[in-house]
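Next come the structures, one after another.
Paired with chain B in one complex and with chain C in the other, chain A is shared by the two complexes that follow.
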Partner chain A sequence: MYAYDEIDRTLINERVSEFRDQVKRRLSGELTEDEFKSLRLMNGVYLQLHAYMFRVAIPYGTLSSEQMRRFAHVARRYDRGYGHFTTRQNIQFNWIKLAELPDALADLAEVGIHAMQTSGNCTRNITADQWAGVAPGEIEDPRIWAELLRQYSTLHPEFSFLPRKFKFAITASEHDRAAIKVHDIGLRLHRNAAGETGFEVLVGGGLGRTPFIGKTIKSFVPGRDLLSYVEAILRVYNQYGRRDNIYKARIKILVHELGIEKFAKEVEDEWLAMRDSALTLDDSDVEDIRSRFTYPAYEKLPHMPEELKKAAHDPHFEAWRKNSTFAHKVPGYAIVTVSLKPIGGPPGDATAEQMDAIADLADKYSFGELRVGHEQNLALPHVARRDLPALWRALDKIGLATPNVNLVTDIIACPGLDYCALANARSIPIAQELTRRFANHDTANLIGRLHVNISGCINACGHHHVGHIGILGVEKNGEEFYQITIGGRADEHAVVGTLIGPAVPYGDVADVVEDLVEAYLALRARPDELFIDTVKRLGVEPFRERVYATR
Partner chain B sequence: MPLVKGGKIAADAFVHVADDADLPGDGALLVSAARFLEDPEALLGRAGKTGVIWPNNRDVDDLVPYLDRLAVVALVFPTFRDGRAYSQARLLRERHGFKGELRATGQVLRDQFVFMLRAGFDSFEVKKESDAEAFAATAKRYSVFYQPTGDGRITALHRRMQLRHSESAGP
Partner chain C sequence: MTSPLQQKIKITGPSVVTANRTWDGVVIYRTAAGGWSTDLSDAAIVRAADEARALLAESVADDVGAVGAYIAPVEIKDGGSIEPGNLREQIRRQGVTIDLPVPA
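Then we have the complex of A and B:
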């Protein structure tokens, strides 16, 4: 955990009073809605279909039990008793009243939580591998760098009015859980031939109406130069990114139009002019940030404790353990993913009661620490393996032990037309129906890893392009239709999925997914060949045939 | 449109000269980039001070040869959402060492003052009277800054290091 000091706290309190003043001026009419819009967006406040929506940042996906309890408080006090975890390590509250927003922000600020830049044309929440600091084989904890970037990008005087939003993601593991290739800037910590650590910098990834996989702009940037290199990219983008058309304003379009070589040269020229500046990080700067991250005092514990051996006789526990617990870098401990995808529920939602309960469980079993991943699930990052049976029973009691992590019912979905003013079609009911179709755990397990991603419009908040099965809601003559893609993925082998054919009506979507799954089961070479690998091996044609033969 | 300079509302000593208007022989003038570049020497050779209104889509490199003789560079925010002039401002101040008045023009609102000050602006053609009046209070809104810029304010990172050193130097 990163501990805020007086300096960090002062800044967020100053931000709260600034926003309080902005809301006051809006309510008095001194600010027009157009003027207020950008200001409120930079504090994560959207006007949705029914009410204001409030998006709060969980930087690099790490939060304390105390912070989680404060989310529960905000949900209860200012909203309707629940919150929604998003694909970018944020939480959203859907029913906030404008006049109460400054108070909600002030309550969050007390525990070091803010909503700065969770929307607007600025640098958004810096996201990271949700297993950062605990994943086996990691180069180092990438959150040190994510925190440096968080501070660097917060209220940046030059880059707060960019052509369009700007997203960073960072990982230090070989397996990419942070989807860095679909971010404006993706950072991969690695070691070069000389054994030094630094960053591979990717640029121009993104989904939306024109999806691009990020391209490597520089294969090695030493840590000391990270901020100056990032500043060079942002400066080139701020000056030359398109501002004439909102759909062509992301950096991916600039990179595409210039070509990566020319773009890289512009950045390099800019960087060489300023790399030895006040942005250079010396070791003591980095150490200072590192010193304010605290780590648990792990005990020396057995890998196979008695408690675990005993519980292995319970098939329900075993199903959950095999599905939802993962190797930890410290022997005797596990990382536990907590599925927020109950059968029939909206993906990523948690009630205030669940938030409080899981905060208690984090205190009891995970050194008071929680994580949020882009798959819209939570994680308890430091659970002693001997505690797994007790934790499982407690999670089960609050409806959070669905053993479907990475399975077909672990669906990523945006809020869609049920909430969102931009949506063309509903996402949540599609997800709910799919979870009911595949509710049988044995069936889902037999199918194996399969990521279904649903977006209610072309803006792609549900990352449909990179779902193994992607579902995109569109509108045709006033009716909801859905385009289906297959073969997308968001990890280190990121690729955009391929459309299988004409869009299908709302009522057919779950049938189509079932057809795709049945086709896969019939086509896979071996039981352990994943859906995504079968699609890669055979292409979309056999799947297309299966889906449209009877339609 | 009130001008804020030196932290308070001030009279504008510069006269905006339209592109098709005759040039007065003396007095402080503010002209467009196009007019300036037509004959920079003629303008700079006049008795009065010269300022240029520089558009936000033109490289400031073209202005660099004249910077030490310009009294004002006015940068433009066509809307407050268009942030290109922040980069131009920092380049002029931090890379090219411009010491004259750096003026923010266009849709300049209260909520940009801190960003603009940090980017190097020191005068502001403010759109609303009430915002101009609130300048001094708004400029003090923040006391913590995470990024180093040319404005010389100490960053949070360095403040921490100083605090740490002063602690360790204690008894």
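Then we have the complex of A and C:
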């Protein structure tokens, strides 16, 4: 966990007072909506179909049990008893009243939570691998750098009004769980041939209307130069990014139109002029941040404790253990992913009771720490393997032990037309129906890893482009239709999926997904060839034929 | 951004003006009496672009009471009841189409 210092606490508290005053002036009519809109957006307040929506940042996906309990409190006191974890390590409350928002923000500020960087044309919440600091083989904890970037970018005067929003993601593992290739800037910590640690910097990735996979702009930037180098990128973008057309305003369009070589040259020229500036990080800067992260006092524990051996006789426990627990860098411990994808439930939602309960479980079994991943699941990052059976029983009691992590029912879905003012079609009911169709865990396990991602509009909050199966809701003559893509992925081999054919109506989507899965099961070379690999090997044609032969 | 009043108004059938209430965001409809109601059946119905423009203009003028006013299509049923004219408006009126995680 990172502990905020006095500067952070002052900033957050001042922000609450400022927003309280702004809301008061808005409600009295002193501020018009036109004047107020950008102010509320800078505090994560959107207006959706039914109500205001409040988006709160969980920087690099790390939060304490105390912070989770405060989310539960906000959900219960100011909302309708639940919250929605998003694909960018935020939580959203869907029913909050403007008049009560300053109080909600104040309650969150008490535990170091805020809503800065959750909206507007600024740097958004810095996201990271949700297993940061505990993943085996990681170069180092990338959250140190994520926190540096957070401090650097928060309310940055030069970059508060960029052409469009700007998203960073960071990882320090070979396997990318942070989807860095579909971010405006993706950072991968690695070691160069000399054994030095630095960043591969990718730029111009993104989803939305025009999806692009990020391109490597520099293969190695030493840590001391990280801020100056990203500032050079931001400056070039701020200068040349288009402000005349919102659909062409993201950095991905600029990189695409200039070409990565020319863009890189512009950045290099800018960087060389400012490289050795005040932005150069010396070791003490980094150490200062590092020292504010606390890590658990791990015990020396056996890999296969008695408790685990005994529980292995319970097939339900074993199904969950095999699916939801992962290797930890410390022997005797495990990372536990907590699925927020119950069969028939809205992906990513958690009730206040569940939040409180999982906060208690984090205290009991995970040194009081939790994580949020872009897949809209939670994680307990430091669980002793001996405690896994007890944790499983406790999770099961609160409906959070669905053993479907990375399986077909672990669906990423945006709020869609049920909540969102931008959406053209619903996402959640599609996800719910799919989870019911594939509710049998044996079937889901037989299918293996399969990521289904659903967006209710072209803005792609549900990451449909990079789903193994992607589902995009569109509107045709007042009816909901869905375009289906296959073959997308968001990891280190990120690729945008391919459209398989004409959009299908709402009622056909689950049948189409079943057809795709059946085709895959018939076509896969071996039981361990994943859906995504079968699509890569055979292309989309056999899947297209299967889906459209009878339609 | 173009003001709603400067936008070309084209309506193809009966329409209402809807918005969200400023202090809590609740869906509201402009009434013939120049106020707002949370009940669609209280909404003023317009059938021509000029009428719609005038109703939208007075709605937008109430900047303290309402946010984001716009014209939305409705259907007038045989018995005279007013129903939303598309799925989006139906969802705004009736709420989400799914069971909420915590029943109201």
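Note that the second predicted complex is superposed on the first by the 551 of 551 C-alpha atoms of A that agree within 3 Å, B and C clash if a C-alpha of one lies under 4 Å from a C-alpha of the other, contacts with A are read in each partner's own complex, and residues count from 1 in each chain.
Here is the rule we use: contacts are C-beta pairs under 8 Å (C-beta built on N, C-alpha and C of every residue); 3 or more make two chains touch, one makes a residue touch a chain.
Please read these numbers as outputs of a predicted model, since none were measured by experiment.
S.K.: Who does A:M274 touch here: chain B (first), chain C (second), both, or neither?
M.R.: first
S.K.: So, A:L98: does it touch chain B (first), chain C (second), both, or neither?
M.R.: second
S.K.: Quick check for you: in the superposed arrangement, does A:S38 touch first (chain B), second (chain C), both or neither?
M.R.: Touch partner of A:S38: chain B, not chain C.
S.K.: Which partner chains sit in contact with A:D515 here, chain B, chain C, both or neither? Use first/second/both/neither.
M.R.: A:D515 sits against neither chain B nor chain C.
S.K.: With both complexes superposed on chain A, which partner does A:E18 reach: first (chain B), second (chain C), both or neither?
M.R.: first
S.K.: Would you check which partner chain A:F161 touches, where first means chain B only, second means chain C only, and both and neither mean what they say?
M.R.: In the superposition, A:F161 contacts chain B only.
S.K.: So, does A:N121 touch the first partner chain B, the second partner chain C, both, or neither?
M.R.: first
S.K.: Flag every residue of chain B that touches chain A in the complex, lowest number first.
M.R.: 80-84, 86-88, 90, 95, 109, 111, 114-116, 118-119, 130, 141-149, 155-157, 159-161, 164
S.K.: Using the touch rule from the top, collect the residues of chain C that touch chain A in their complex.
M.R.: Touch residues, chain C against chain A: 20, 22-27, 63-64, 67-68, 86-88, 91-92, 95-98, 100-102, 104.
S.K.: Report the residues of chain A in contact with chain B in the complex, numbered from low to high.
M.R.: Within the complex, chain A contacts chain B at residues 5, 7-8, 10-11, 14, 17-18, 22, 30, 35, 38-39, 121, 151-152, 154-162, 235, 238-239, 243, 273-274, 277-279, 284-285, 288.
S.K.: Residue numbers of chain A touching chain C in their complex, please.
M.R.: Touching chain C: residues 26-29, 32-33, 47-52, 80-82, 96-99, 345-346, 349-352, 417-419, 426, 428-429, 432, 478, 480 of chain A.
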